[in-house]
Structure formats: structure tokens, C-alpha cells
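In the two assemblies presented below, chain A is common to both, partnered first by chain B and then by chain C.
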Partner chain A sequence: MKAARYFERRLVHSVALLVTISALAFAVSQLAPGSFLDEMKLNPQISAQTVAGLRAQYGLDQPLPVRYFRWLRSVAEGDFGYSLAYNMPVRNLIWERLGNTLLLGATAMVLGWVVALPCGIWSAYKAHRWPDRILVASSTLLLGTPELALALLFILVAAHFGNVGTGFEKSRSVVASVLRGVRIPAVVLALAAFPMLFRHIRYAMVEAWHSPFLQAARGHGIGNMRLLLRHALPAAANPLISLFGLSLAGLVSASFLVEVITGWPGIGPLFLEAIYSRDFHVVMAVVMLFSLFLIIANLIADLLLYAADPRVRAEC
Partner chain B sequence: MLRQRKVGIALAIFVSANACLLLAGFIAPYTAAEQHRDFAYAPPTRVHFVDANGRFHLYPFVYSLVAVDDDGFSYREDPRTGYPIHFFVRRSAERHAFAVAEPANIFLFGTDGFGRDIFSRVLYGGRISMAAALLATLLSLLIGTLFGATAGHFGGIVDTGIMRVAELALALPWIYLLLALRAVLPLHLGTTQTFLLISAAIGVIGWARPARLIRGVVLSAKERGFVMSARGFGASEWYLLRRHVLPQALGIIVTQAMILVPQFITAEATLSFLGLGMNEPVPSWGNMLSAFQHLQVMSSYWWMAAPIIALVLMSTSYFALADVFDVERIGAGKSYA
Partner chain C sequence: MPVLSPSRSLLEVHDLRVSYGKGAHSEGEAAVSGLSFEVRAGEIVGMGGRSGCGKTSTALAILKLLPAEARASGSVRFEGNDLLQLKERELRRIRGKQISIIYQEPTLALNPVMRVGDQVAEVARAHGLSNVKEEVSALLHRVGLEPKRYYVAYPHELSGGERQRVVLAQALICKPQLVIADEPTASLDASLKSEILALIEGLRVEFGSAFLLISHDRSVTSKIADRVIELSDEQKRVPATALSSVPDKSSPRRTLRKVEPLVTVRNLCKRYRTRGLFAFGRSEKQALDAVNFDLLRGTLTGLVGASGSGKSTLARCLALLEEADSGEVVFEGKNLLTLTRDEARNMRPMLQYIAQDPEAALNPRLSAAEAVEEPLLIQGIADRKQRRKTIAELLERVGLDPVAADRSCHEFSGGQKHRLVIARALTLRPKLLIFDESLSGLDPETQAGILVLLRELKDQLGITQLLISHDLDLVRSVADSVAVMRDGRLVEQLSAQEILNHFEPRRTDGRLEAAPKRELVMAESE
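Take a look at the complex of A and B:
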């Protein structure tokens, strides 16, 4: 009962947050200098009347609150506004690309955690000895390597081996072509996420490893493997669950650039193009979708935390 | 002992990397805009000690380049005359660390499509990238300290309001936030304007984490005995903040700066890379790399990747330094979230 009330409160909080973001983003985007129609005005073949007519047709001549509520209605109807550049509802543009972005993100996420978890545990176990030092040093190097550099380096290497399989390409089967395409961006993204994941896991595990109850368990003669996985890991899981929600935000940020550079047909290139052409409804839709996505991810992380840790339950 | 050595190494790399950028005018053999149209896409110049006859020379020298054919951008060395590298020479009324006499050229990192020396451009571009990052960091820390201290000091509804906004800023993916902010600014601007606006836009997105940390410091400092006794002696609020509270936050501010600078270097590079930041002909690490992203350039002229090495070296030197200051907290500091 208490849990339901807690999550009801969180849900209301989240919805309020989303509405605030949308109002702010909309106001700022509409106050921006320049609009999609500015390019048209420069074209001598398009008359001023035509541009004015288009302005009226798209409702750009209406006051700000009216435009905002129209936009809200369009979101409620599932259209997410109207793209002026593509001349179609934003929904049609975003749907397929969102799938690609999520596919890439999920692959990278799984890859990152699968590599970082054992590395972090092992590093904590060997803390301050040479395997740990090498891992920490390489994570510092990776931390200092921006996604931009990582992605370019990977493509450089792939180009060197004449093997640039980025984006979708025609192949024998759909699955094979998707796997070929996702390979480079997913590895780059996973590498970009690795240092943060690794360091948090290592830190949490080191802390758990030196806690009194673990000393006691060791005194009972429990083997190291069981100590690590059965006793230390659950104790360290708490911050890692929050990290899961937070690392999603990092992944979403990093995935933008990686998509643009590797040519992955996700949300990133669409967003960039919308900024160049001032197609504001597309910009809005992407910002809102990712805000929603992150809020849901954090909500899920909190849910997991609630389920995993009785202390959190007591606080709520 | 080990820790001291680590600090020493990190500090040495950090100082020398920054000094190189600061002294770009001296170290770079050419200016950022100087074009050698006859030597577009020339590979890195090889520095020789042994000449064609197998004789060893104490002073390093280079050979002049000859184009093999007219349109292929391929060159070979002309081994008839060696041109010694002169150190600390005067060239066009300015002192340079090294240079060679005409007609030979010294392109340590090769040249780009306009025949501009990439080594010089990396140094000059680094100045721009670093200046933007430092300016943005300053702004971020200023806003962060101001909001954090206000929230911590006044508490109540001010605190709640500021911290809600900070949560929001932390929850959104920074690159989308930055690009959305950039989308609001006019696309085409003058160089100085672009520089200032870009730095401001980058600085504005990074304030939330320092604000949260500084709020924590202020909150705990308020309750410390010596602060309360100073208040009891009649110290003014401003005096307390300046003399007692903010000095406690100094450690956090420095660490945050070390973490923010490399992130902001990346942010500037990203914007310029996408054509939304510094524009040609002004060099920046980002816009130098945007020429590199074309597959043909990438596969034929690998030396155009030089800014990547500069980026990685610079960011890593900051992270490494922050790392030796404060080993465990740093992972949490990468304000991705």
C-alpha cells in the first residue's frame, strides 16, 4: 500500500517534470531567431504571399500559447507535431529511427555491463595490485578519450582494413546486416560507457569487500568466489542500480555523436538535420522523447532499488 | 612515495601540454592560416639523421618534397640536398623553436587539403579549444557556486526550487541540451561572437553538479562549531561565507574544474565538428576533425587524425590529475548524467 503511494507520488512528480520541460523547451525554441521559412524568403522564385500563406497554414502566425496548446493536442493525438522539412507528422519520421537508436543503445548497454561487471569485480578483488592498476589506468585513458575520438578511431581502423560496415546495407539476411551494422557503433558506445561503469562497480565492490560482515563471512571459511558473488555483490548492488538509470543518460548522449559519425540511421542524424534546417517540431519531439525515456529509466531504477533494499523502503 | 611520483608525472604532462598551447606562436613553425598550395595533403615530414650516402649527421635535417604527379597528392623526397633544421630562429620577425630554409618545409604532422601545417594548426586550434573550455568552466563554476551557496544558505523554498532545476539539468542528456541550446542561437555569427556564445552555451549546461556539491558543503558548514561561534561574535553573513564557508568548498571547486575542463573541450570539439561551433578558417580541434570524417580522407591521409591525439592527451592529463587528487570520487564526477 505504501509502495503504491510512493510510486504514485513519483509518477505525479515525473509528469509535472515532463510538462515543465515541454513548456520551457517550446518557449525557448519559439523565441529563437530564424525559422524554417527564412530560407524560403531568400528564394526569389517564392513570393512573399506564398511564404505568408505557408505561415498561416502551419499556424506560425498564432500567439505562443495557442501554438503550444496546438502542439500539446498533436502530442496527445500521437503525431508529435508536424515536420516542415519533411511535410509529414513527426511520428512517421521518428518511429523507425527510434527503434534503431534503442537497438543500438540496448546492445551497447548489455555489452558495456557484461564487460564492466567482471572487470570491476576482479579489479576490486585485486585492489592496488597490478591487474587493478592496469585496469584503472586504462579506464582513465578511456575516460579521457571523447566519444568523438573513439568513433573516428574505430572507423579509421575499419577503413584501414577495408571493412566499413556501418549503417544498414543489403545482405543475405536482415539479421546479419543489422548485426554487421550495429557492430562498430555498439562497441564504441560500450567503450565510452565502460570507464564510468567500471569505476562505480570497483568502488562499490571495494567498499563491500572491506565491510565487517564480509570479514566475518571470510572467518567462516567461505571461498573467495562465493564471497565475491554471493555476499559482496548483493551488498554493492545498491549504488549500481542507481548507476543503471544514470548510465542510460550518458548512453543516450554518447549515442547521438556515434550515430552521426558512423552513419547509424537513428535519431541522432535526424536531430542534427532538424537543427540545421530549424525544423523545431522535430527538435521538440526528440528532446521530449529522450526526457520521457530517461524519466522512465530512473523510475525503473528506483523501483528496482525499492525492491532490492529494505532501507529505501523505510525512508519512503 | 608512489603517490608523489604519480602526482609528479601527471603534473609534468599537464603543465607541458598546456605550455605548448600557450607558447603556440613560438613552437609552431607556421601560422594557422599559412597555405602551401603545392603541398596539399603532404604526409608528415621525415626528420633524418642519416643522409642518402649513409653518412650520419649530428644535426637533424629534412629533404624537400617533390610532387610525383599533379593531381594525386603523392610526394617523394628529393635526396640531393638536405636542409638542416634550425633551432631558435627568427622567421618573419618572430622567433620560432625550429624551422627549415626554403624550399624545404617541415610539416611534423603533415598538411591538410589547403596545404596548411597540421602541427601548427593543432597548437593554434588547441588554444581556441582550451580557451573556450576554460571560459565555460569558469562560467559553470560561477553559476554552480552561486546557486549552490544560495540554496544551501537560505534553504526552504529557494533550496527546493534550485535543486529541482538542478535535477532536471542532470537528468537530461547533455549533448541534446547543448544542441537544443545551440539551435536557439543564430547559425551564422562572427568569430568572436561565436566563441563567446559557444563558451556560454557550454558553460550553462554544466552548472548543476557543482551546485549540488557546493550546496552540500554549505549545508554542513553552517552547522560547524567555528562558523556558529563566528556568527555569535557578530560576523556578517557575507564575511562568514567568504571567510569560513567558501574556503571549505575550494577543494570541490578545484576537483570539479579538473573534471569539467576536459568535458568542455569535448563539448566544443563536438559542436565545431558538427559545424555548429568555431568555423573555418579559425582552427579548432573539432573543425579540423570534421575534414577527417570523409572516408576518402580517412583512408588516404591518416595524419589528419592528429587532433584526436591532442584531444585525448589533453583530456587524459586533466582526468589523471583529478584522479591523483581524488581517486575514488572521479568516476562519479563524469557528469554524463
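Take a look at the complex of A and C:
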């Protein structure tokens, strides 16, 4: 019952947030100079009448609020509009690429956490001793390295061994080609996410490790391994679960650029192209989908938090 | 009342010395030195002494649980071993199984995200007990917690007394030969205190465990201990001297009638709202309801009332930490509610607020000197030399040894931290000092020491003070007048003489029904 109310409240917040984002994105993208049709005018083979006709046909001659509400209504019906550049519905355009981006994001996310979690725990256990110092120093180095540079470095190394394999290759089986393609961007993204994950995990664990109840548990003769995993980790989980939601945000924004560089056929290259060509509906659809994606991730984190921490349950 | 005849010696502590300090070779400050005592099988040994005399350090040193910056020397013999020489791995087998420890504060000693039954079971599992679930349930039942309900409860769902019982169960699940209990009753009220003590006594007979019972409260140790060890502290107290430039010779002991108010509060109202998006989770509470009162210059006023009665809100409004909704607070001819930002900034040094928990108000990374220096730096006062001098004077003024100025804040005891916070508040030469329940956590002797200091600050420096407490006895012993709050209203303001009359045993006619007796106020605030 309480859980239902908690969930309901988060849901109302999320919907309000989505509507606000859509209005802002809509308004801001109108501020950008030029439109798809303006580019068309430059083409001497297309007459001014044709362009004006298209304008009217697409409803672009209407005032901004009217266009916004029309757009909002069709999105509510599941229709994201029409891509002027590709001359096809945005939905068809985005669907497959979205799957690719999510595949890449999920792989990178799992990879990042699988590496960062044990490193963070170990580092906290060895705090201020050599293993910890080395890990902290390398994470700082990694934090200062742009993911673009990392991606280029990896491509360079792969090319040197004649094994680039970015994007999809038709000649192989689907699974094999996906695996080959996802390797480099996923590792780059995971490495980019690692420093933030590692530092938060380490900090939360150090704090839990020095908390009075852990001292007490130590006084009861409980072994270190068990203290770390059974006592300290659950106590440290609260900020880490919130971090899980947030880390998605970082991954998604980083993945756009990394996709472009490594040639991964995700949303990133499409988004970039759409922005250049002022393909308005595609831009809006991508912005909205990723907002939705982030909100859902945070919603999941909130629910996990609710499940994991009895104190959060008590507060609701 | 001794129950068992003295038997074989269980624990022998010889010439124990515990020191805290950073350098590997420096001796550091000794918290305990030259301490020797023994505990025999099955007996209850009390250990007393005021706070800061090294009781907790002793308890932790026995099981080598001291923090990394502390060093212990001497010997602690148990079962033919010197515990101080044992390796971590060997100690682990002793901790919790043969010697267990009950930490000072049960609220902090329990993992907030683990069910309490599991926390007891963890100890049993660590030492390879079988039938853990049944054993734990039986023990929970024995310490007075119905297993069905309490096994699956989380610590925040329990009361202080119940948490103490859980911690006791953790310590006893392996039937250890010795239980070290560090202030097991400090956070409990009188009736719970005697219940827990009776429980300890019963368990001693049943389990045959010896207890080392640490408490600053003589009534606790004398009640059930077979013997009591008193630790004395050799703290050097520098005689109180006045702050160099401030003393106002013309302001000794003013009487109530002559002085004009420093602060006048009229119709002060404050309402708290918790906000949610749209209509979710909104609620309101009238924290201050048309409060009127005066703080007379150079007096110490007590403010009492149950928790939630608005004492802290009033104090925070006076200290400019909170904005009241309406009414006025006149201080030095200015209404605090209508100050501009610059005016407020100039006003703040004169109004110093000392928060509930001095421990939390000190940054553990700073040294004592740095903590006291901070306000001087912020206000841009004086050069480095001048600051050092002021700091030394202030530390001396509040009864701390200036030699200790470079020790880190967290190395001070509770009472000393308190003095440190007062020293920090004094740096800016305040006209009003507000103590928000800050004395409540201290033991009676330390409390008395601080109260003497407050009186000196009033008499020698002429600082007006507002002392907030739920403990009427404490306030009555120093205050010139006492104000009583209930449900956001100030219901009474009495002078010292009236208080005395009022608390004549015969005259409990309910005029001040909130608080004729200490217990009543305490009970209300629970």
C-alpha cells in the first residue's frame, strides 16, 4: 500500500518532468537559426512555391504553441512525426538504432560496474595503502582522459593488429558481428564511466567501514571478508543505488560521441546528422526518448532504494 | 551485593597505558597510564570515573579495538595469553566468543540496514555455533524481546531500551566468560536503567559470565557490582583568568530589577510547512505561537519545556539561523526580523549559538587552535601572532590547557569539546550566548564544571546567556530566571526567587504543571 503510494508519487513527478523537458526542448530547438526548408530554398531547382507548399503541408506556418500542442498530441498517440531528410516516419528510423544504442549502453554499464565494484571495495579495505593509492591515481588519470581520446587510442591499437571490426560486418553471423562491433565502444564507455563509479563506491565503503556499527561488529569477532560484503556493503548501498541511475546519464551522453567515432550504428550518428540538417522531428524524438530512458532508470533506482533500505521505507 | 564467591582470576590488566598521538615515536597524550586491575570469573566489576578519564580507552584496549592512531602498552592476560601481543586472527576467535563488548551507544552499534535477529545471528555464525536461529530466538526471548516480532525488526523500529537488549543479546549469544559493557545504561531513563541492570545481574548468574561494567554513574555501579574501580583523571586545569581586554569591571552581579532587556521578543510566530509537489505530503506545524519575553542584560535565563515545544525554534530565531514569520525581536535597538543582509552579517558575531551536539559542531580534521581561529579569520581580525595569543587566552579562559591547542578536535573528551565550542563562540565577543540543549549529553560532574564556567562568563565578562534544556534541575541551579514553553507558547517566566518558592515541596499546585519535577520534564520529552 505504502509502496504503491511511493511509486505513484514518483510517477507523477516523472510525467511532469517529461512534459517540462519536451516544452523546453521544443522551444530551444526553434531558437536555432534556419530550418530544413530554408536549406531547400538554396537549391535553385526547387521553386519558392514548392517550399511554401511544403511549409503549409507540414504545418510549419502555424504559430509555435499550436505546433507544440499538435506535436504533443501525436506523441501521446505514439507518432513521433516524419523525418524530412530521410523522407520516412521517425519511428521506423529510430527503432533499430535505439536497440543498438541500448545494447551498447547496457554492455558498457555492466562492464563498468563489474570492474568498479570489486575495485572500490578492495580499495576501501586497503584505504591509504599502496593498492588503494595506485587505484585512486589511475582513476584520476582516467578521469582526466577524454573518452574521444580513449576511443581513438583503442581504434589505433586495433588497427595496428589488423583487427578493427567496428560497426557491423555482413559476412559474419549476427551474434559474432555484434560482439566484434560492440567491443571497442563498450570498453571505451566502461572506462569512461569507471572513475566516477569507482570513486563513489570507494568513498561509500570507506565511510561504512569506519562506522560505529562496523567497529562493533568487528568487536564481535566477525571476519573481514564477511564484514566487507555482508555488513559494510549493504550499509553503503544507498548512495550507490542512486549512482546507478545517474551513471546511465553519463553513459548515454558519452555514447553519442563514441558511437560517431567508432562507427557504431546507434542513435548517436543519426542524432548528429539530424541536428546538422535541422531534421526537427528526429531531434525531438531522440531527446524525448533519452529523457524517458533516464527518468525510467532513476525510477528503477528509487524503487531499488525502497526495497534495499528499510529507513527509506520508514520515511515514506 | 556479591552473589558468587571470588574464584579464579579471569583477566589481569597490568600497567596499561593508552596514548593517542600521530608520530610513530612520540609518546602522545596518555588517556590511561599505569592502570592495573583484575576481573575474576563470574564477578561484576564496576569501573567509574568522570568522562575523559580513559574508561572507554581501557575497554577498547583490552580487545585491541583502539583506533589506528592509539597505542597501548602494558599487558592484558587472559587464559594464559597476553591479548596485546596476539595477532588479529587469534583475537578474532576471542572477540565475541570469550570476551564480548557492548559499545556505548546501542543506536550507533547496530547496522541500520540489517534485521536485528540477523545481527545477533551473525555473531553466532562467526564463531561456528549450530542451530543459530533457535538459539537467537531463545536469547531474544530471554532478554525480554518477543522473538517473532523482534527477530525481523530493523534497529530504527526499536526504542532505546529495546536496542540495548539487542546489543546485550549480541554480546551473550556465545556465552562469553567476560562481557565488557561500556556505559550500557547511559542513554536510558531511570526505570529502563534498573530493568537493564536487573537483566545483567540475572544473566550473570545464568551464563556464569563476568562483567566489566563501565559507568560514570555511581548509582549504577554500586547497585550490582561486586567491586568498583575508580579511575581518576590527572587533567591539568589552568586557573581561570579573564580575557585580556574584555572584562567589564562595572558589571558584576547585577540584580534582576535594575537591568534593562538586551533582547525583547514580541508576538513572535513561526510556522513550519513541509512542501510537496501539488498536494502531496503537505503538513503544517505552529512552532512558535505569539511568544513574548525579555532577556535581561547580563543574566542567565533558562528555557525549559518538553521536546517539540518550540524551544529550539525560538533559539534559532534569536540566533538569526531561522526566519520568523511575524512579530519582532529587538536586539540592540534593531528588529532582527527586518535586517538587511549586511546588517545581519554585522549582527551575527554578537549572537552566538551553541548547537545541541558539540561533537558534530567541530570539524574533526581541524586542530583545536584552528577551530577557534576560524571565526577570527572569517571576520578578518588581527594578524597571526595576535590570533595565536587570543586563542591561547580563550582556551585558558574556558579551562583548557593551551598546550593542547594543536591536538585534533576529535581527540578531546565530550566535556572538553564542549569547552572548545564555547571558546570558539567567545572569539567574536558575543553579547548573547545561546546553548541549545548542549549540556544534556554530559555526565553530572562535567556538567557542573561547565555550569561554573557559564556563571563566570556571566559575572566576569557580562555575557547574557540563554540556556535551553529539558532538565529543570540543571537550569534551576544556575539561571537567574526561567521561562517555560509548551506547544509553541511561552507559558511562564519566573525569577530565581520565584523558582525557589515554587519548588518548595509543599507548593506543587500545578501552576507550572509542565515541570514541577525533573522526572516529569524528562518523561514528557521522551
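In the analysis below, the second predicted complex is superposed on the first by the 313 of 316 C-alpha atoms of A that agree within 3 Å, B and C clash if a C-alpha of one lies under 4 Å from a C-alpha of the other, contacts with A are read in each partner's own complex, and residues count from 1 in each chain.
Here is the rule we go by: a contact is a pair of C-beta atoms (placed from the backbone, for glycine too) under 8 Å apart; a residue touches a chain by one contact, two chains touch by 3 or more.
It should be emphasised that the depicted structure is a prediction, and the values quoted were computed from it without experimental measurement.
Enquirer: Taking chain A as the common reference, can chain B and chain C both be placed on it without clashing, or not? Answer clash or fit.
Expert: Chain B and chain C clash in the superposed model.
Enquirer: Looking at the overlay, what does A:Gly78 touch: chain B (first), chain C (second), both, or neither?
Expert: In the superposed model, A:Gly78 contacts neither chain B nor chain C.
Enquirer: Quick one: classify A:Arg9 as touching chain B (first), chain C (second), both or neither.
Expert: second
Enquirer: Looking at the overlay, does A:Val252 come into contact with chain B only (first), chain C only (second), both, or neither?
Expert: First partner only, chain B.
Enquirer: Give the label of whichever partner, chain B or chain C, reaches more residues of chain A.
Expert: After superposing on chain A, more of chain A is contacted by B.
Enquirer: Considering only the listed stretches 92-100, 236-244 or 272-280 of chain B, which one runs into chain C in the superposition?
Expert: 236-244
Enquirer: Write out the stretch or stretches of chain A touching chain B in their complex.
Expert: Of all residues in chain A, those touching chain B are 17, 20-21, 25, 28-29, 31-34, 140-141, 143-149, 152-153, 155-156, 159-160, 164, 195-196, 198-200, 203, 246-247, 249-250, 252-254, 256-257, 260-261, 271-272, 275-276, 278, 280, 283, 286-287, 290-291, 294-295, 298.
Enquirer: Which residues, counting only chain B, touch chain A once they are in their complex?
Expert: It comes out as residues 168, 171-176, 179-180, 182-187, 262, 265-266, 269-270, 273-274, 276, 286, 289, 292-293, 295, 298-299, 302, 305, 308, 311-312, 315-320, 323, 328, 330-332, 334, 336-337.
Enquirer: Note which residues of chain C are touching chain A in the complex, please.
Expert: 63, 65, 91-97, 100-101, 103, 105, 108-114, 119, 122-123, 126-127, 154, 156-157, 167, 170-171, 276-278, 280-281
Enquirer: Where on chain A is chain C touching in the complex?
Expert: 9, 12-13, 16, 211-223, 226, 230-231, 234-235, 237-238, 308-311, 314
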